[in-house]
Amino acid sequence: MALRACLRTKPGLTGLLSQLSSCSSHGAARMSPALVAQRRSSSTSQKIKVDFDQSTGVAVMRMQSPPVNSLSLEFLTDVCIALEKLEMDKSCRGLIVTSSQPKVFSAGLDILDMYGKSPEHCVEFWKAVQEMWLKFYGSNMITIAAVNGSSPAGGCLLSMTCDYRIMADNPRYSIGLNETQLGIVAPFWFKDTMINTVGHRTTEMALQLGLLYSPAEALKIGLVDQLVPEDQVLTTATETMTKWLAIPDHARQLTKSMMRKPTIDKLTSNREADVSNFVKFITKDSIQKSLGMYLEMLKRRKA
Amino acid sequence: MALRACLRTKPGLTGLLSQLSSCSSHGAARMSPALVAQRRSSSTSQKIKVDFDQSTGVAVMRMQSPPVNSLSLEFLTDVCIALEKLEMDKSCRGLIVTSSQPKVFSAGLDILDMYGKSPEHCVEFWKAVQEMWLKFYGSNMITIAAVNGSSPAGGCLLSMTCDYRIMADNPRYSIGLNETQLGIVAPFWFKDTMINTVGHRTTEMALQLGLLYSPAEALKIGLVDQLVPEDQVLTTATETMTKWLAIPDHARQLTKSMMRKPTIDKLTSNREADVSNFVKFITKDSIQKSLGMYLEMLKRRKA
Amino acid sequence: MALRACLRTKPGLTGLLSQLSSCSSHGAARMSPALVAQRRSSSTSQKIKVDFDQSTGVAVMRMQSPPVNSLSLEFLTDVCIALEKLEMDKSCRGLIVTSSQPKVFSAGLDILDMYGKSPEHCVEFWKAVQEMWLKFYGSNMITIAAVNGSSPAGGCLLSMTCDYRIMADNPRYSIGLNETQLGIVAPFWFKDTMINTVGHRTTEMALQLGLLYSPAEALKIGLVDQLVPEDQVLTTATETMTKWLAIPDHARQLTKSMMRKPTIDKLTSNREADVSNFVKFITKDSIQKSLGMYLEMLKRRKA
């Protein structure tokens, strides 16, 4: 519902979503396995590629939005549609999220969707960010983040929504909620997700300083669960998934929901206020100026 | 009161409870020390043995319900009666809980009280489990678990209700809330107790996967506080108790209550709903089938 | 406002506060830099010395109340006035708190303000303790504790209100909330502050046993963030401050407030009840007797 809302300005995609929803609601289970396998092997958008292995019940979602998998409104929408599709297919039990882009898992929220945009656009954008978090953090599937590159801000958030995080042991990569370094503030549900992951004190310092951690540091504070050589991130994720698949789905899902529901309910019952807060904050002259300076800096760095 | 309720179907025990309660309410302090000492040295049931040392103010409760100290309705009732008796005796300041059975502290809730039983029986059983937790987690005494064997599920819960956990450093033993492995779900107050012990993130993973930890792993995540050679578990518990006894009772009790009251209140104000949830869940065909298969597996393993 | 209330019986100080408030409310920003610098260089009381460096935006508050910086009503009042003054000066972005007394950061609440005093005095005293905590824990400034000596009870609380704790690596020093050892109980907001710093389980054990930790132990459990040789505590604090100053104030302050507001609100909405509880408890004959014995012990130790 919320996803539909955030797609109001994109009739083309809404159409696609309806199509997918009606397809899913009739259920993969009623189709012949061959048909399902065929359907599943197709990627759902150019920005993400989803491979679903019917034999294992595990899907791999590859983010391939050049150059750095920025979470733009369009990209978030595609991700949510793909996730919703998998979620509705009862034969899909596990999801591995990873990146096809070199050196980066996801660079986080797309600043171009927050800079120089109308309040209306910012509303749509923020609803899509909320929706992504709600869908991932509340997923019934086993979700494993195969963090094969840097993962700042929204990229870190995405990985924290997963049940397990495996990161490439490359000291050039970093992960963390670095919003304050850009002069902006991580909203309360980013904060809650981080507290649930690394505890209150570590979160307080991490968020105040906008800390980006090396893989070794991230492992030490529990921001990621495991480090492996870069070329083994995906295979390790697949092996780990096998361990999780051994647990009966019903018991695991109820347990996951029990752990996460209070945090999810907090956003669900405050979505409108959270959108208002975001839009009010991000459209301030001083914040727009900060973002502008940051974009300039990024451009200079490229050149 | 709740204990009485859960004993409704056991008139013999209710009689014993009344006898003990009235005895306790008149107070050990008014009796002569000799009488008290005499009274205290007797064990309260065949399934548990309580030795109370009047000179130190410390009682040792040995669980001796063969083969694996399963927490059956009958056993839980005995444990609660014994605990209530000690609690009411102001001269008893500390309690060490340990096992007389080899290799196991407690195997957890007795599946035979959940499999093929009437809803009425399940109600009584679950009330007894709640009562055990409420009494131990809310105890005014210093409680130390001398974990001299494996301690899965309800056994782990029991140890987590204590103020301090010493475990035998034997890699063959394990401890954890492994409910999901059996296709069932740890209730919210098991979860809350574990969060209070090892934090949110560790609990989330432990409960989803139904992890059983080796003593070394349990120490690392803080599920137990200390490891010692197997033959030193009880002596170390006694030494540790001395340190805790040095703290004025009044201040320690108020502090303990302040730490645990919110968690206790959550169950107290949701007991009925929690019982309903449990009975509804456990009497489901699918869950009964899971338990049946698990029991078959245990039988085959024995044979 | 609350500070004013707690100063009701001290007309002289109330006058000073009014003077300072009116001075601050007209704002440092409107004065010429030279005048401001001049004003800032003066210490605000004999018990504390505040040095504000206009060029860095960092103030250093030195506690110099012999012999052990006990947090008496008078001292707390001075500290609060000084903090309020700095808080109102927008050019002051960071505060380092340290001690001028040898071997001790602060010995905690002054027992002489709790022993043999009228209930009215106890009310004033406790309001001042609350005020100190509210002002420090809710400060918009970056606060760093340069813990250059022992820091039991209220001294530990003060350091925990800061954003970062650097302690002298001297095994003779200790830090912790040791209230139960004196037969008294840390109030709920001491407890909440400690849970936010070291987590629930560590707090439960620390508070029940009234544990005082060596610097190495304190670092291990996260009660302090860093250990350095004694003569480098202040320089390290200054260096660390530079790192924190690099973060835009606005984003950092909103983030800090988001992390701490729920804990602060809990006391703010329960101040009166908390005062009543404290006074009722501390004026009990048994507690007064405990405090008397403790004072005797301290005297004997000195002699």
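Chains: A, B and C, in written order; residue numbering restarts at 1 for each.
The rule is short, and it goes like this: contacts are C-beta pairs under 8 Å (C-beta built on N, C-alpha and C of every residue); 3 or more make two chains touch, one makes a residue touch a chain.
Only a predicted model underlies this, so the values are computations on that prediction, with no experimental measurement involved.
J.: When the CA atoms of chain B are placed over those of chain C, what is the turn angle between 0 and 180 degrees, to the nearest 5?
T.: The two chains, chain B and chain C, differ by a rotation of 120 degrees.
J.: With touch defined as above, tell me whether chain A and chain B contact each other through largely the same residue numbers, more than half shared, or through different ones.
T.: Under half shared, hence different.
J.: Go ahead and note the Å separation of the Cα centroids belonging to chain A and chain B.
T.: 41
J.: Mark out which residues of chain B touch at least two other chains, giving numbers and ranges.
T.: 199
J.: What residues on chain B touch chain C, complex-wise?
T.: Counting only chain B, the residues touching chain C are 163-164, 195-199, 222, 225, 243-244, 247-248, 250-252, 254-256, 258-260.
J.: Would you pull the chain C residues touching chain B in the complex into a rising list?
T.: On the chain C side, the touching residues are 179-186, 188, 191, 199-201, 203-205, 207-210, 286, 290.
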